[in-house]
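Both complexes shown next keep chain A, but they swap its partner, so chain B is in the first and chain C is in the second.
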Partner chain A sequence: MAITDDVLVIGGGIAACTAALSAAETGAQVRLLAHKKSTLRQASGLVDVLGYAGDDGPLANPYDGLDELPEGHPYRIVGEDGIRDGLRLFDEAVGDAYRGGHTDDNALVATYGGTMKPTARYPESVASGLVSASGDMLLVGFESLTDFDAPVAADHLEAAGVPFSVRGVSLPFPKTFRADAKLTRFAKALDRDESVESGTVRSALADAVADELDGETRVGFPAMLGDDHDTEVRDELADRLGVPVFEVPTGPPSLLGLKLEDMLFDALDEAGVRISSGNPAVDFEADGDRIETVLVDQKSRMTPYEADQIVLATGGLVGKGLDSDRAHVTEPVFGCHVPHPEDRYDWSEPEAFGDHEFARFGVVPDDELRPTDADGESHFENLRAAGGVVGGAHVAREKSASGVSLATGAVAGRLAGEDATQ
Partner chain B sequence: MSTSPSVLVIGGGSTGTGIARDLAMRGLDVTLVEKGNLTHGTTGRMHGLLHSGGRYAVSDQASAKECIVENRVLRRIAGHCVEMTGGLFVQRPEDSDEYFEKKLEGCRECGIPVEVLSAEEAREQEPYLAKDIKRAIRVPDGAIDPFRLCVANAASAVEHGARIETHSEVTDVLVEDGEVVGVEVTHKSGTGPYVHGNPGEVEEIRADYVVNATGAWAGQIGDLAGVDVEVRPSKGVMTIMNTRQVDTVVNRCRPKGDADIIVPHETTCILGTTDEEVEDPEDYPEEGWEVDLMIDTLSELVPMLKDARTIRSFWGVRPLYEPPGTGTEDPTDITREFFLLDHADRDDLPGMTSIVGGKLTTYRMMAEKISDHVCEKVGVDAECRTADVPLPGSEDFSVLRDYMDDFGLRSPIGRRSVQRLGSRADDVLTSVDPNPVVCECEAVTRAEIQDSLDTAGTDLNSVRIQTRASMGNCQGAICCHRMATELAPEYDEDVVRASLDDLYQERWKGERHGMWGEQLSQAALKHMLHATTMNRDSDPAATESGVDFAAFDDGAVADGDRDAHAVSEVNDGDY
Partner chain C sequence: MSDAETPPDTTPTPGEQGEDDFEPVEVFPESTEMDLRPGADNCYKCTSCDVSCPVAEVDDEFPGPKFQGPEQWRLKRKEDASVDDSIMSCSNCMRCDDACPSGVPLSQMHNTARGEYVDEEMDKLSREYIRNRILANYGTLAELGSMFPRLTNAIMGNSLVQQINEKVLGITAEREFPDFATQTFREWWNERGGPQVRSEDKRVAYFHGCYSNYNTPEVGKAMVRVFEEFGYEVVVPKQRCSGTPMFANGMLDDAKRAAGINAENFAGLIPEGYDIIASCTSCSMSLRQEYPELFDIDGLEDISEHTYEAMEYLRIHEDLDSALADTSVSEQSFAYHAPCHARNQGLDRQAVELFRDLDGVTIEDVGDSCSGISGTYGWKEEKYDKSMQIGADMFDHMEHADGNVGMTECPTCSMQMEHGTGYDIKHPLQLLEEALV
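Take a look at the complex of A and B:
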């Protein structure tokens, strides 16, 4: 017997979660079908909407850039209302854990490379470190953590002309780990406040940083200040130092990204969304232009999932929602049309930061986010797409990845829910 | 005051560094200049095969004999650069029996140890060989790291008093009274922000004798001296796989042809190659069909290659040479022997000899021959010792022990570090504390990066070839910026940033040849990390126009106020 729901959302990232939340709001019974860990582990945990458009940027207000975006950009389809709806769902899902919802404006946030980027929402732990806020800054890195070199990052921010003074120091972490210890090991030591010679990790760290403080009014660390007890760790350090403490978003493994994933899944639970995870959707059965069942590969057997409406939110090239070989780019679950140049050498540009075609790969949605075939006709009347699997946006350039996921997720989920409950 | 004769060597590849080492060990006053980093030319762009000679045993027995001799020498003096994988010449059903027999016979004639394996035995050794192969010949092929080899030769030369100048391009050959008396070099900043000598400075380096060891570029140096050196550069593609599908060098046993060798190398396999003459060794097309040819043809030997992941491709140019008038049409038929061209005899221009042809496996023998020649010219009577004295890093193998305890490194990291560093492992790995891993794919720690910086200056591509950092599956997505920050605090942030851009771009160039499937996914992730998360594509520090910081959200309303939304709405209403 098939498992039956009103709306089946395939995917496990921001777009899938948003689509599921949005569909649930319409009263539909929703199931999320997630294969494996989402790409949030690799993401900064920042929620960008639009930082650059055309030749403009960094944009202080993301909505100012919408008119500069090309035809076919997902934002042109869902419009400003779609973006706002996505952000509303996000704000409701994460509550006080994220900031930025008080204004339309972007904030500028320092990241682990020493650069800054415009973003619409940022974790609460990042808030006191905004580069677009005043206050002299001390950045602290660790000799044994190669991902973040605080002195270089500080000089980099100075080179960008930040309106405050910033200094970086590299300190030994109070506890020694293996040469290949990941950031998570450092976070755990702070979480548990492990013992070290001169007391505990937190107090030893605070003492070491206090020695370096020279009038700065905020202190930043790479985002490793605890995992399960992050607020407690940050509060204790701030308390001991007497100034606000903030985190600088990092690359993988990104604790901020992982925490965001947890929050989104908590919100799904609260909204009554059913979750099936661990196995990939690999095939489907259709009757004409309606998908009847989605087939999930559960090792030895194919399990059918039935739903009235389906949202495809399996991600882009990184999340494997798109696949390719030497000659073709494909959407592997439903075989939706993915336009791409014939010669694979035209998929990318010789310049590393060129305007790569591959960055825009994805399915081509109609006005209601249904993927279309080469003739512009929707493949299936009950299939919609959201997030990275949707083409037409160069999200890396635009700094719009999360925003596109939120907006398309919100709209695709709502439309799917409405259709299913009509 | 040095009274020993001075020799200027042009070219920092295996031959040039080999010559510099040989002559320096014989007590000569040696300067080597190289326009890029070490291995910038052909040496850094080859498949890393340590020939047994088997490949030439039918068509070019002189080369084959040299190969087997040097194969044994290199295992002795460069153990830390060599992995003795062994090699197989594999016959498929459609490959001729007659050639198989000729290969076997040729190897025996050249003194190359051989053993015939049945299909079953061959597949036992290499399980991924095609099921329908007929049989194979086992030969002592191996894998050699050309980067490590070159760096070790250069280090040895320096130990013996040589001066090595990289990023120093010869812009003129000085000829006075009909004799070569030295060169003019321009120290450059290269394409990147290199700090080597004084960028832009022009220096005249005079020497009693000049050796042109620039391989495929020998004609260009010849032009500067006003002599013709007829090298025939021939390009070949090499495609790198993400893992070792084979642990033995696998050759196709047939007369000649493209795409007939797979060389296991470190964590990868390298597929090779093509052989096509080009006009300019620095400007030739690199095309997708060549990559396709590697995959499609070599999957006849190892079928799993068809759907395996390639991480990048690169091209190199062979410095083929044949004496004027030979007129061989197909470059695959040109001999792989090497030639000394003494321009005194040939062109009536004393003071300079060019060395052309040859191959990496015989680099030391080539260096010995030309060093003998130079010594004769400058009147020095000294024995060559390079076949007996191990290279730095290969002196003492007692270091192969429990690395974990010694260096605080997990065993796989310690093992790989020691493999790369050889007998220098102790010195290098204990030089930095703490010593975290910088490149996870290739298990490279800070100590190794810092050690390579001694010779690399700010050239991260030189760091890369010395350490293998950023050469693994992720192609530097995770470690490029970490490598760059290792330049600080010695160098300022702007140098760190420019060096990063340079390395990142170099990685991207080769990656494009493998961008489909898994590797396109990997490249997309890399792009997301560097463009999205780090915003390196629109870095405000790199743009002319400043940022209006005050126009952005300063977080003020939300700061610590749980009723932020409500407050903001009330305020909006008031205004």
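Take a look at the complex of A and C:
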């Protein structure tokens, strides 16, 4: 016996969640098999589709760049319909918590490094800070949260030629914590509106920022304005300051990423998707070209999971869906073919942000997203791939990571669900 | 990228890497001690572990798992540095293990650091050491108490005794000491004459642990009856504490002694076709993960590879879905809490998944927060308030859930659930028994 479902999705990120939601729509019984806590908590919480393609960019409309992408790019396989289907699933899962669905156009969101990221969907709390909207901007950082240097971020934006003025200030947070206190501690102080000498954290913060305001019509903070009561915190600050308040997405621990993770997992629960997490899928048993069982390493002992159809959404090199040593790049669960230059010095470019070959490493999908071998034949008839494990896209340069995950997840999940319920 | 769990294979395999002449340089001399360096090196300081830590959430002075693990390990390379006393505030919930995206063995680093702190820094005559030693060896205490259960219950329930416990020993007076059963599970087992089912190919050895032996024998009985219903031969070997409370208090010598006895009594059964079943998720966690991580004793690897939580075993080896589809129980409604230790074993959702379709039952997960008691942590006078703060979310969710009976696999989580809400608490095996036996 094994634990049995119709569709098994391996992974815990945005591609896996989308694939599971998409498969569940077909009526299949779906299980998500995630190794650890989702890597969404490491992510900014922004959802990009395509910001740069070929020599073009930043793109005003991501769909305009699709023809510029190389053959074999995942978008060339799933097409515009696949992207739209991924975004539809995303919009249904997150509801009002995200913006951007009113248009095909990209929004430009200020990052905490002060660059501009073309983005298709963004958290509601980010909305009034769009660089693609007008209004002079004050960025506020905190001396004890060193990841976000507001004056530097402001200078970067100014230098990029934004059509409004940006100024950054660093202030002490109204309440003092131990020197290595985490972002979440600050968020909690605002959530609970903890008391400080001059009143409460929220009012003291608003007073300090009001002293700095010099005609700016919007104020940005690193994304730490509350967790459980974020809307309340933001509204109160905006009310006290008399101008809209927004958040600048941060690196880990990313509250916006954590909130997105919660929303997607709630949507999975609602869709009746079963979830097993805490242990990695490491091996499988097959009968010819059909995978019969996926083996999960449950603390050095294998637990078998059975399904009619399987979606591999374990991520790329960072997410550990791909592995490498000095000579080889491999896909460790099913041993799918991952093409790469023989000489490892050809894997990367000398420049840190160069057009690295390794960024495009991944499995090679056929037109139904089945990973193929070196001869272009699918490895297994019931295995599909989605997200970072799929090769052919340079998601960091293109600003397409979330979109590739959404689109391939939506298509792989739907096809798997349809095959399983036929 | 790097990964402590699967270091890159540097041995060339013929035909695969044979042409690559790479030979790794030995930088550090081979050591016979546990090498935690890869754990420290793999940490890239993303702080995911700190965000997942329930103690750091309520205790501003606690530096969090990243410090307790990789950073402390590095600091200790200096000769005059000793383990910081904040290690004693870690409750060993092991949530950081699950949060780390880079394979850092955080709980293993914490357990070894805590063991070292207790060995080298802690005054063996201090109240804290004596109190912790008593709490860590709950099994021994319970064995004595169970000799005269009614008398012990009366004494431990006496408020004056509770005050003395708090003042003299530092064991909180806020909690009701759990009642000892008038008949232990093992006494019941012997009275019924041991196994009622014999089988050559379906065999399990039950690790009941301390709590279902001395305090909740109904859980142990449910385990036996359910497995016998499925045709399993159940045996109940002699056993000591799994070690969980000892790891959490840095009493690694006590834990090692108990592990040795358990290895002696269980490892030999495995070649005879027995798998090991635990009903407590901390016991199964200890046998599966902490034993092989912390001790080098013959048989522990085998035990780790053959240990299952009870319901997990049935899900894998029996068609539990179909068995439950054909049955029903009296109307009841549960508020289920998944113990932290169930999470890392991938067991946190199985009770709700199984029971939500069972006729007569409604069951609701009360969220992914920690219950806050973490075994002995919440029994310590100085930790009691923090323990209740950590549990606040769970209490709140329990009160808002439809169910007015709690459900969990972990004995101390169940104490905390009862303490915070006054609900009765059941083990999933008890519902399984009602449905199937």
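Here, the second predicted complex is superposed on the first by the 421 of 422 C-alpha atoms of A that agree within 3 Å, B and C clash if a C-alpha of one lies under 4 Å from a C-alpha of the other, contacts with A are read in each partner's own complex, and residues count from 1 in each chain.
Note that in this section contacts are C-beta pairs under 8 Å (C-beta built on N, C-alpha and C of every residue); 3 or more make two chains touch, one makes a residue touch a chain.
The structure presented is a predicted model; accordingly, all values stated were derived computationally and were not measured.
S.K.: Check whether chain B or chain C contacts more residues of chain A in the superposed model.
M.R.: B
S.K.: Quick one: is A:P252 in contact with chain B, with chain C, with both, or with neither? Answer first, second, both or neither.
M.R.: Both partners, chain B and chain C.
S.K.: Would you sort A:A133 into first (chain B), second (chain C), both or neither based on which partner it touches?
M.R.: first
S.K.: Can A:S144 be said to touch chain B (first), chain C (second), both, or neither?
M.R.: After superposing on A, A:S144 lies in contact with chain B but is clear of chain C.
S.K.: Identify the partner contact of A:N106: answer first if only chain B is touched, second if only chain C is, both if each is, neither if none is.
M.R.: first
S.K.: Which partner chains sit in contact with A:R290 here, chain B, chain C, both or neither? Use first/second/both/neither.
M.R.: Touch status of A:R290: no partner.
S.K.: Where does A:A60 make contact in the superposed view: on chain B (first), on chain C (second), on both, or on neither?
M.R.: After superposition on chain A, A:A60 lies in contact with chain B alone.
S.K.: For chain A, which residues lie in the overlap of the chain B contacts and the chain C contacts?
M.R.: Overlap of chain B and chain C footprints on chain A: residues 39, 42, 178, 180-181, 251-252, 317-318, 320, 323-326.
S.K.: Within their complex, state which residues of chain A touch chain C.
M.R.: Against chain C, chain A makes touches at 1-3, 36-37, 39, 41-42, 177-178, 180-182, 184-185, 188, 251-253, 258, 274-279, 296, 298-301, 303-304, 317-320, 323-328.
S.K.: In the complex, go through chain A and note every residue touching chain B.
M.R.: 39, 42-44, 46, 48, 51-52, 57-58, 60, 96, 99-103, 105-108, 111-118, 127-128, 130-134, 143-147, 149, 151-152, 155-157, 159-163, 172, 176, 178-181, 249, 251-252, 316-318, 320, 323-326, 343-345, 347-348, 350-353, 356, 358-359, 395-397, 399, 401
S.K.: Can you list the chain C residues touching chain A in their complex?
M.R.: Interface residues on the chain C side: 1, 3, 6, 8-10, 16-17, 20, 22, 46-48, 50-52, 56-57, 60-61, 63-64, 67, 98-101, 288-289, 292, 301, 304-308, 312, 315-319, 343-349, 353.
S.K.: Write out the stretch or stretches of chain B touching chain A in their complex.
M.R.: 288, 292, 295, 408-410, 413, 434-438, 440, 443, 445-446, 478-479, 481-482, 485, 488-489, 492-494, 496-497, 504-505, 507-509, 512, 515-517, 520-521, 523-525, 527-541, 546-559, 562, 564-565, 568
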